[in-house]
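As written, the chain order gives the labels A, B, C and D, with residue 1 at the start of each chain.
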Amino acid sequence: MDSVEQLIKEIYDDIKSQENKGAVADYIPELAKVDPERFGVHYTSIEGNEFGIGDYQTKFSIQSIAKVLSLSLAYKYEGDAMWDRVGVEPSGNPYNSLVQLEDENGIPRNPLINAGAIVVCDILLSRFEHPLRELLDFIKSICDHEEVDYNLFVARSEKSIGYRNVALCNYLKSLDNLENEPEDVLDFYFTMCSLEMSCQNLSRAFLFLACDDFRNREGKQILPIMKANRVNAIMQTCGFYDESGEFSFRVGLPGKSGVGGGIIALHPEKYSIAVWSPRLNEKGNSYRGMRFLEEFTSRTNSHLF
Amino acid sequence: MDSVEQLIKEIYDDIKSQENKGAVADYIPELAKVDPERFGVHYTSIEGNEFGIGDYQTKFSIQSIAKVLSLSLAYKYEGDAMWDRVGVEPSGNPYNSLVQLEDENGIPRNPLINAGAIVVCDILLSRFEHPLRELLDFIKSICDHEEVDYNLFVARSEKSIGYRNVALCNYLKSLDNLENEPEDVLDFYFTMCSLEMSCQNLSRAFLFLACDDFRNREGKQILPIMKANRVNAIMQTCGFYDESGEFSFRVGLPGKSGVGGGIIALHPEKYSIAVWSPRLNEKGNSYRGMRFLEEFTSRTNSHLF
Amino acid sequence: MDSVEQLIKEIYDDIKSQENKGAVADYIPELAKVDPERFGVHYTSIEGNEFGIGDYQTKFSIQSIAKVLSLSLAYKYEGDAMWDRVGVEPSGNPYNSLVQLEDENGIPRNPLINAGAIVVCDILLSRFEHPLRELLDFIKSICDHEEVDYNLFVARSEKSIGYRNVALCNYLKSLDNLENEPEDVLDFYFTMCSLEMSCQNLSRAFLFLACDDFRNREGKQILPIMKANRVNAIMQTCGFYDESGEFSFRVGLPGKSGVGGGIIALHPEKYSIAVWSPRLNEKGNSYRGMRFLEEFTSRTNSHLF
Amino acid sequence: MDSVEQLIKEIYDDIKSQENKGAVADYIPELAKVDPERFGVHYTSIEGNEFGIGDYQTKFSIQSIAKVLSLSLAYKYEGDAMWDRVGVEPSGNPYNSLVQLEDENGIPRNPLINAGAIVVCDILLSRFEHPLRELLDFIKSICDHEEVDYNLFVARSEKSIGYRNVALCNYLKSLDNLENEPEDVLDFYFTMCSLEMSCQNLSRAFLFLACDDFRNREGKQILPIMKANRVNAIMQTCGFYDESGEFSFRVGLPGKSGVGGGIIALHPEKYSIAVWSPRLNEKGNSYRGMRFLEEFTSRTNSHLF
């Protein structure tokens, strides 16, 4: 562990000392206000060793990272039946493409692109009377009961200008792949994306996907092994939009990024690690986050492949 | 090892006792002639333990599996410069789609779809005076000098009806991503796809990608670790055409299939395994091969994720 | 004229005596309720001769035919500036395709597909304080002040299930090609599509596009010649969705169809003619309407080309 | 006639005095050698009145204009059966798009895009023992027996670099819409495109499409009226690639352009007119040709619509 701590510190300092590139997401004022130089890393091993550096305790908008959490919750209860409504193939297209839906009769390629995540929200809305409470409870159960909350300003702000997601959602409805009203699904979707967590929260929370037989503090299994494996497989092939291949190639871990600058990645049976740095590369993934993780798996020789 | 042997035998018998579905590739007479009930498996651990069952010593047309070998050879010598001409992203499209090329200025999504493999062939043609000999020597070097040969009948037969690959190749030329004449590149490409190997040949040959510091019999490193990792990452996200996500999801290993009914898959730092069964599912991957591997990683708990 | 009257009667009887194929649009109850056997034709020559047969005085939902009227109104006031926001090329795609928008940065191919008609509505909303009143006044001015009205039931019904148009409209907004709020544009759009006119109303109303120097009852010019020519050219190449080429090929006139079963067509400097028959062919155009007009231009030798 | 002569002269002088924009096609040396300032116009009325100005007697490479001639020949003998293999819809895509073929199972949208013209060549190859001689005889029969010849240098030159057409042709073969070998079809196709004619040749030759009951010098009908109408309709909606709508909109005549800088257009029952000026706009159509014809139909008020 010491050497990992040391290594994280070294890589962190290295990257911090170099130019920070890319632009902060600014399509809503709440995201644009974030200091672009924030930079945090938090590592949690499956043995429970932890190490954080920089802004690892500051909460930020986890955005699309939340899609893995809602997917896990839906998969837990819905099981493989859900794959009739959403695929598990990489999309090869930008995250919010409508083209693919049109060509493929409303079945989104995977649950981590926007269209697929909207279908997952629809599944949760149909299944639970209080889907938002269920999701928050689920997160608490994997997160040592730390406070995790959503940001209503962010949610409303996204909704007020989220025309493309409104389009996606209505398009899904028109293609008969939405059970609830678009309006309601979008409310839940935008709220989910407004969840705020720190790097520490995230690397702890995602440990249930890194351990083959994870038990939370109460000793409860969150997801059966096979389902956890498969959620990881989806992250591996689909977690970074049209940069998913690149992430697998360079970093070599299952992971997921968010437009708020966060990235979660995990090495099965070893660790989970969260990085946050708001400047995004042209594909919409954290510039420093990508660089940090590439260095990290290369220097720890923990590229999964 | 005993238990693995036992397990392979059990799964093999199980699957053999069940209905065999799908159709043998019949677009050329040479492939159509193969007995659809052939079924072989060969496993090689990184410690050198081996076990084969069924038709594991019969050579068959490895077809697209050869793309991983030519990719490895090209990457070894060309290095990261080659990624200017071919991407590392999953395609989200059938293996021989021309659409993507048109949209993306002639840069194939990855080296395992036909267009990408043609570009890799072009790279080898430009680099080596005798590219075919180089490829065969490369395979020998990873394969304990066993005889590996191509089948001229198959190559000619494919060429005589391979209009779509002729189209792809000329299209790449028109988009300025081919240095040599289409005719020459296609000759090499079709010859490469006609390589014949057994399951035993394959699982031995691919061990260099499973071991972090592989040395062949002469003690020579085939590919530096990082490059091997990255070839595996490409197999993970792109090895099964538009079923790549499904293979990651169900089987959870980097792998590659061929239309001759072969599949190679490998677990980094553990083993490589080859399966051959000519009947193909609707996505063009071996029906029994997919089923066998899903059972295998599930029952050995060696789903990589 | 007598011979035209006679001919119309003959063709009408011919077609009426043959099997009526296709299905009535039934996506909203109001359209589904229409008697599928209604069949009317009305012809108006530029000299003012008229002849109607069958249900030519029954009002029906003109649906997309209204797009030509809103286009004419917008073009009259906005002039060629509007072509920055909507093209004049045939789409080669179904009428409500989102793909093309994605590929072409939110500029709809032409003003007669849904996306383009929505942009035209947006232009009218920005230009006029009371766009609906303006449109109704415009129609009255070309229609001898006959009563033309919209059907609120139809408009509301379309709105309640028009998810795809909601998607299109929000998508245009997200691509920065909508000035007003999607909600408002859609209200106007659905109201416009709910206009009800008879064949007689239509063939009279469209005379302003058939005459090079049309004056209405008050002696006012509706559209300068060049603009009228160009609206006709757009109808010629884009009036029948992905059957536009077929209509040009078989019928050889500029025209426009609506999902209510109406078709307007006109021969410059000769006549305008409206047909109504609710059963639609698989491309969404009136089955009998298409057949009638093909017979008519063939037997009057008035195929424009 | 005098006034038309006068008008042509005026417009010609006007345009000649203004800046000449665009680039000459230079993908083969033979086309690149042409003087970019050549400019000719020739007009032929259906009464036989003629007027030429500038380089109207110089032969140039008519390129894609030839597609209308081969289409007319094929339609004459094959009749409506040919529409099973090629459509009549505008493509909405660049002239040599492969995407559409992939989406639509190998049926080219229309006979004036490259893929469609290749299918027409295949039809002629299957029908005639000496298709080239038939085509030349056909042209002679509509062209007062003037010498019309192809240019072998151009044909060979196009073939040597025509990778994209090789791709298209092999792709059609792979999609089962080619009866003959791609090699043979391409030879004929490239030869056809290398035909050389002057503006005078062209405007005379296309008169058979402008007159409803055209007879050539020997009194023979070239194409029945209905077929001529329909060829014109195809030119109207498809003659200018993805600028077909624009040409209909601005010029308002059926017509066809070639990459050699020629344009033929015709007004049914009035005239045919050919313009030649090698500089092409960004859509690949003659810059001055487009401008001349827009002026001409506007000032003669002969916009067809």
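Note that a contact is a pair of C-beta atoms (placed from the backbone, for glycine too) under 8 Å apart; a residue touches a chain by one contact, two chains touch by 3 or more.
Just so it is clear, the structure is predicted and the values come from calculations on it, not from any experiment.
Q: So, comparing C-alpha centroids, which chain is the farthest one from subunit C?
A: Looking at centroid distances, B is the chain farthest away.
Q: Can you work out the whole-Å distance between the CA centroids of subunit A and subunit C?
A: Roughly 47 Å, centre to centre.
Q: On a C-alpha centroid basis, what's the spacing between subunit A and subunit B, in Å?
A: Inter-chain centre distance comes to 32 Å.
Q: Take the average of all CA coordinates in subunit B, do the same for subunit C, and state the distance between these two points in whole angstrom.
A: Here subunit B and subunit C have centroids separated by 56 Å.
Q: At least two other chains touched by the same residue of subunit C: list those residues.
A: In subunit C, nothing touches at least two other chains.
Q: So which chains actually touch one another? I want all the pairs, not just one.
A: In this structure, the chains touch in these pairs: A-B, A-C, B-D, C-D.
Q: Which residues, counting only subunit C, touch subunit D once they are in their complex?
A: Those residues of subunit C that touch subunit D are 87-93, 100, 109-110, 212, 225-226, 228-230, 232-234, 236-238, 242-246, 248-250, 252, 254, 268, 298, 301, 303-305.
Q: Could you list, by residue number, the parts of subunit B that touch subunit D in their complex?
A: Those in contact with subunit D are residues 97-99, 102-103, 163-164, 166-171, 173-174, 182.
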